[in-house]
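First chain written, first letter: the chains are A, B, C, D and E, and each begins at residue 1.
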Amino acid sequence: MATEITATEKPNQNPILWVARPMATAARQFAKSLFRPSTIVYPYERLEDPEFREKVAVASGKPIGLGQVWDNYRGVHALNIATCISCNLCQFSCPDLCIEMVTVPGGDPKHPKKCPEIDYGKCSYCGFCSDACPEGCLTMTTRYELSVTKRSDMVYSPQRLNEVFKTKLPMNPIRLARPANEDSILLDVPLCIGCNACARDCPTQCITMLDIPKPEAKAGEKIPKRIWKEPVVNDSDCVRCGTCISVCPKECLFWGTRK
Amino acid sequence: MQPDDLTRVLAPKLGENLLGVEAFEGMAGRVRFRREAALDLFRAVRDDLSFAHLSMVGGIDWVDHREVFYVAWSDSARQYVLLSTDVPATDAHVETASAVWPSANWHERETWELVDITFDHHPDLRHLLTPDGYAFHPLLRSFKIHEPEELEVKTRHV
Amino acid sequence: MGGLTAAQAPPAPSPRNPTVDLQLSNELPMATQAAVPFIEIEALRAKEFIPASKEALTSLIAEQGQAKLIRPMFNWSGRNSLFPLHWGLACCAIEFAAAFGARWDAERFGVVARSSPRQADLMIVNGTVTWKVAHKLITLYEQMAEPKWVIAMGNCATGGGPFRTAYSVVPGVDKLVPVDVYIAGCPPRPEALLDGILKLEQLIRERKE
Amino acid sequence: MSQATLYSVSYDLSNTIASALGSVLPSGARDLITSSGVVTGFAVVIFAVIILAATMLNTILLIWWERKLLGRFMDRRGAMHVGFAGLLQNFADGFKLFRKDTVKPREADPLGFYFGPTAYMITSLAIFGILPISSGWDTGALPLTLLLALAIFAFAPLFIFVSAWSSNNKYSLMGGMRSAAQMIAYEVPLLLAVVSVVIVAGSFDLNTIVYEQQNYWFWGPLILALIVFVAAMLAEMERIPFDLPEAEAELVEGWNTEYGGMFFAFFMFTDYLRALVGSVLVVLLFFGGWTLPSWVPSVATSWPLAGIFWFMVKTYIVFGVFVWIRASLPRVRTDQLLRVGWNRMIPLGLVSVFVAALLVVAKCVWPFGCLPTP
Amino acid sequence: MSEMWINMGPQHPMTHGLWNLRVRIDGEVVLDVDPEMGYLHRGIEKISEDRHYNEVVTLMDRTCYVAGLAWEHLYILASEQALHITPPERAQYIRMTCEEFQRIGSHIMWYAAFVNDIGLMTPFLYGMRDRDLVLDLFQSFTGARMTYEYMRVGGVRNDLPPTFTDQARKVLDWLTDRFREYDQLCLGSSIFHKRCDHLGVLKANDCIAHGVTGPMLRSAGVKRDLRKDRPYARYDAVDFDVAVADGADVTARYLVRMEEMRQSIRILRQTVDWLEHHPGPVMAEHLPRWLGAPYAPVGREGYLLKRNYAKGVGFSAVEEPHGEAQAYVVNEGTEHPYRVKFRSPIFANLSAARQYLVGYRVADIPPIMGSVDPCIGEVDR
């Protein structure tokens, strides 16, 4: 053999009797798999079934399901409609634009409750949405079987996601801590007109409109026409969804570090 | 190898066509040059500085002009070097590097079709990734990918 | 602890969110319950050496009667020997290969990949379809002999997936060829592929001509 | 009653059917039906049907056997969900292919395209008409059975090449040419190996060859011939490591690329048919056919059809070795294959012929024993 | 037979992906080849320009689908340089662990496909079986088998589970035994040597001229490995050797890849030990808000107009399983990268196809291309 390799463990596997070595290896494997091959008989045995993992996968000595932690598998979402606050964070965090917020019954008519509707034909199962969900109501379960015969069956309405939630599948237990130095919603005071849009639409009700004193009219200066209120954000309740920024008609709210 | 070393070798060869050598983290330096001296620079970099291995050729569309950059590796210095030149958007062409480094062949084909920078005297300037006859240059900033209705999903309607 | 750290243990339930149960459920996953009862005959074949074919045939004959034996026979043969076309488009092709690997072994269901489209009766579109390959895909589909089926495996084949906004990607292979079964997933697990194949078998079983 | 043979069984069956039919018919028709000519002709038909059915069943069983064995070699299960342990899998495949369209490419030559696979299968099936599977279970006294079998066996490359050429596909054509080249190249060592057996046995009749192995099986002293025969058989059967004509990696499906539906089923079926012929020939020529060594207690052989049973067991074990080879060896290249064929196998075959001649001269060889005296 | 062109691809068992090799043959001898790429061109570089920095990671898994974590690592390194962020040490070790496991997984996938090309069917299944173990391990901490979305700018998404070290060691022990079996099946067979020795020879000079990197370059005797020559993450802190062979043929590439897997096991034993004893944060502190979150809720145009970030250019090079991958990320002070450019090693390796295919036989094309280990996702991007 012309080839030399610098190796710690030299592969001393030269042929014996032309083909004896591979045939012996195959025969050894044959004997090993005669009783229980590594195959998982899929519709009847499932890797995510903890009983199967313990009894067969580990006990048989075969390399089936070694190193499985199934709780954090990213499969179909589970949505708890009851705790959803319609913050839209899942929609905005979705890199594949597969989440749409649809109205579900339960909100007041002025302020409809919106929950995510997920199109699994577009979703890439990256988990950004469940990471982004501030309430933990959108999580990912271990369910992965999603074959349908109609394309439209792949769109899961909030109610359907809620049904998945009710089945109590193992759900992703990893919740990411919020960063320590989160930005806050800051107000560009001169631009604000006190319209209450931000406080009205805040999903966590963490914005309160506080009265501010109406300034005295000076000579040659016009008092701007506005409501004399100003939003104050409670940072500990804020989930940083940015709804207020987007609804602000004057673009006077912005992200920044609170001094 | 430091940027100064690069300047010392390249300045006499290129003269005023060498626009400068900047420091670049993790690299020997970033050489900016005028496209007129491209071939001289490639030869100098390969032969005098021993960057024998051209890794990457790419283009950036800066709207008003375009930039072509080359990354080369030297086995003796164990370092990369970044060469870049600006070409005007209206007349985007530069001399090919495939005469100096054969590996530039496919990279330049790709850059030509995606960023619309022509490489003069290229031996085989055909479409590589896009279909034959594809008339667009997708990596130009003027080329938009999203359809409006797709963006619709993303806009906020509260 | 500053910065972002991941808490492995389930977090204490927040006051707003008391009902989220993150404990591992002791029941079988829902998917198991959903998929098994689809055909009772298949359930009898749970173990390799349980003779189920006799019951299967008897019930088949009893249900359909002698006069209607031929169509079920052909449907039975059609659904039990699906030969997919052996080709790999993108990421899903790796999971496609894994489904043929030792652990999942799609050959258990009689699924054997054939390289020639003439001999294949199932095209598994396992990956992103670009416009450049679109006409070749159609050619391959037309070269396949009737009866033939198409499975769109993964999100790229279903609807373009993460790349559907790109300039070169066909947003869904159903724009090119008729699709029988869509499998969502990015990529779908090999089990999900097998589930899709079982779904297709169910479709063929219910087929009437 | 003497031992049941294939012919006697079919004759009895024919006789029974004829008399049963005749009992309900008017006397003129009864005489016609129960006349010896009609019964004999009917017996021949039954005879052929039995052979055909047994061959087809065995071939399908052989495919199942390969799939299951290969599965275990590969640490998986193989077909298991259709029928008991997947036994019905190949029937499902067959039915499906039977129903499936056969697409003829526009530029293909229709005559060759349809004639090739059909002739390929029919000729291979015909071999089974003359192979004995137990004492008495054969077509009777043909003195040149082996020669005839090998002659029919050697037709195949012609038909493969015809069908490959007619399908107007570059891959098919390359596969067909490889197939023809390798089959012709390995025809010579195959015959040399056979000749050494024939020299020892002194006959081309397979019955005689089996009879001659009553003291010792030929694989011991003729181990060289066995190796040459198995290698050449692998090449003739187009199995790994010599499956170049349908090398999936470079030629898509080899010479059957353009075939789908029933004609593809013909090809697939005939491949295994030829594998069955190969295994049967190995058993007949080197492993004593349906006989067992004399030290085996007679209880193993005294029951009816024991000969057929042991013959089948041996055949399937031999085929299992072929599967084992398939599971563990890579494919060789065309030029290497041909070089091995002409440069190694033919000299080895000649040596084995020489060994066979010595064996005949010596009559008795330790530790095997003596050839039976005629 | 006269000369003729045949198309090997896009649907052909040899291609391992979606590309077309046009071959001009005379009988069985290859006279000329012309690779035709682009069948899987998905415009990843263009889509990246419209995505948040962390969202590009989801594309990286799909760029090279057999070495997703290595490509995530590549992109994240370039982005961190462009955004001036330093990840914590534990995150770097986790990334190294990921990359080495990914190297093993990718090489096993190569092994499975390569042996299938020379007609060995059994090891394909062994390979897929053993690769699933590595994927199981990935799934235990990333939550997916192939598309992980695990690394983030500034660190990694979550810490490893407490059971990880034990399971990783189990997998490594199992794989050590299996690699011996792989060698028996290939090197132990004289047919393998007949097929693969002196095949597809590409000498060191040609390799360098055509930009060939990775195991192909190392099999030609050039000792170049970015993990040694230009250490990123904490590769300077671990002890390993660079696998080099001097045959420059298919067998040499086989040997180099097998040896690389053994060296990866050696690295992994060190990093797993380190990870066991050094708990700590896995995400950098004091990231900007829009990056600090592992998700990107507010990264859309229009909401951040009043912020300005530091501009920067990032370049990274990673010894990916297939060779040297490079990324060039231009940060223009917005939430999206202005331009992302990737250099795929196989892109260069395939561009030299004419050098190592012409003159051999048609039957040699599959093993040679198998030894190149094409992953078309990263070539076409």
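Quick notes on this structure:
Just so it is clear, a residue touches a chain if its C-beta (ideal position, glycine included) is under 8 Å from a C-beta of that chain, and two chains touch if they have at least 3 such contacts.
Because the structure is predicted, anything quoted here is derived from the model rather than measured.
Looking at the partners of subunit C and subunit D together, the chains they share are A, E.
The set of chains touching subunit D and also touching subunit E is given as A, C. Two chain pairs are in question, A-D and C-E; the one with more C-beta pairs in contact is C-E. The mean-CA centres of subunit A and subunit E are about 27 angstrom from one another, to the nearest whole unit. Rounded to whole angstrom units, the spacing between the C-alpha centres of subunit B and subunit E is 24. Here the CA centre of subunit A is 38 Å from the CA centre of subunit B. Looking at subunit E, one finds that residues 12-13, 38, 41, 43, 46-47, 50, 58, 122, 125-126, 129, 132, 147, 157-158, 161, 185-186, 189, 191, 283, 285-287, 292-294, 300 touch two or more other chains. Counting partners per residue, subunit B has 130-131, 138, 143, 145-146, 150, 154 as the residues that reach two or more other chains. Listed for subunit D are residues 71, 73-77, 80, 248, 252, 327-329, each touching two or more other chains.
The part of subunit B that touches subunit E in the complex is made up of residues 24-27, 52-56, 58, 60-61, 69, 71, 73, 75, 78-80, 82, 101-103, 105-107, 114, 127-131, 138-139, 143, 145-146, 154. Contacts from subunit C toward subunit D in the complex involve residues 42, 45, 48-49, 51-54, 73-74, 76-78, 80-81, 101-103, 105, 107-110, 114-116, 118-119, 121, 143-147.
Taken in their complex, subunit E has these residues touching subunit D: 1, 4, 6, 8, 12-14, 28, 115-122, 125-126, 129, 185-186, 189, 191-192, 194-195, 361-367. Across the complex, subunit C is touched by residues 10-13, 15-18, 38-44, 46-47, 50, 58-59, 61-62, 65-66, 88, 109, 112, 124-129, 131-132, 135, 145-147, 154-155, 157-159, 161-162, 281-287, 292-294, 376-377 of subunit E. Partner subunit A is touched in their complex by these residues of subunit D: 69, 71-77, 80, 324-325, 327-329.
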